[in-house]
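Got a structure for you, written out below as structure tokens; questions coming shortly.
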Amino acid sequence: MPFARIDLIKGKSPEYRRTIGQIVYTAMVEVLKAPENDRFQVITEHEEGNFIYDPSFFGIERSVDLIFVQMALAEGRTVEQKRAFYKQVADELHAQLDLRREDIFINLIGTGREDWSFGNGEASLVKS
Amino acid sequence: MPFARIDLIKGKSPEYRRTIGQIVYTAMVEVLKAPENDRFQVITEHEEGNFIYDPSFFGIERSVDLIFVQMALAEGRTVEQKRAFYKQVADELHAQLDLRREDIFINLIGTGREDWSFGNGEASLVKS
Amino acid sequence: MPFARIDLIKGKSPEYRRTIGQIVYTAMVEVLKAPENDRFQVITEHEEGNFIYDPSFFGIERSVDLIFVQMALAEGRTVEQKRAFYKQVADELHAQLDLRREDIFINLIGTGREDWSFGNGEASLVKS
């Protein structure tokens, strides 16, 4: 059920953007134990002036390649799972796209299980 | 106070998009008991490659007409209200726009009452 | 760690948009006690038809200059801090950009401290 918003500056190829989505999805399934095929994401490309980040906050040097990943998901994952999720996303983006690990900013938003309808006008995760 | 983000693939008419917003708003008022005129929404249209969804997750067949509705609202609604909200949104989108019920994905995000300012720099829902 | 999404109708200058971001950031640091340089924001400009608001809900008269500010941040701020944040954002937008206080809609979304990675694939706010 996670729903991810991925934001970045314009200029990357469709294949590059698609791969970001694929990596976030794979880490969701492998680490956060989301079900297979539970993939819902929007990617938004911004003009440079509308994509604002600090280049060195928290001692991390960021570049124009920075991506924001904001993902809503039902609560219940442990801190260790979240930690492993961040690591896998960063490791894979680095391995597959040569994206610097410094350039990956992630924010999770917790929800209840009753907060999701995957279709058909039903509350998909609660029994009726 | 709900604030809704509606995302879909480019190509629908302004009237079609406006009607989606109207239907989400009406269900908010009728089912979730939001006050009349409490309507704040942004609609974002995406290139197909930036709008990613699984075509059959959870046994639901989705098409390029899929819409994502993500809505922040103060906590306090019951599971039954949320369930009825999903149903009314899907039923009305189907009735008014011939949108397939399978093509409606909804995610709610709960907030506190102190998390809203409707204007004037005030915390609108908490007493001063 | 706050991550802000700022939405408005197209037509404002880059400088105007940049100043909105600056004011939201400054209030975050001064009032919500976010650390210096903790600035991560995306600004999205919309066609008028995709930016939907009620012109008088809650007795507040809104115009096409309305902006939505939606900000995710770790829980722990008091109601008084949030109230002061809304006020400073509205006061400064009015003072610096002549934006009407009525035209500022703000929504906060609370998260856990484990819900943030500022980079390097690490859970930035929890000890390992």
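The chains carry the letters A, B and C, assigned in the order they are written, with residues numbered from 1 in each.
By definition in this document, contacts are C-beta pairs under 8 Å (C-beta built on N, C-alpha and C of every residue); 3 or more make two chains touch, one makes a residue touch a chain.
Keep in mind it's a predicted model, so treat the numbers as computed, not measured.
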{"item": "Angle, in degrees to the nearest 5, of the Cα rotation that carries chain A onto chain C", "value": "120"}
{"item": "Same-site or different-site touching of chain A by its copy chain B, using the half cut", "value": "different"}
{"item": "Between chain B and chain A, distance of the C-alpha-averaged centres to the nearest whole Å", "value": "21"}
{"item": "Overlap residues in chain B, where contacts from two or more other chains coincide", "value": "44, 109"}
{"item": "List of chain B residues in touch with chain A within their complex", "value": "7, 44, 46, 49-54, 56-58, 60, 62, 68, 70, 79, 82-83, 86-91, 101-110"}
{"item": "Residue numbers on chain B that touch chain C, as the complex places them", "value": "1, 3, 14, 17-18, 21, 35, 37-45, 72, 109, 111-112, 114-124, 126, 128"}
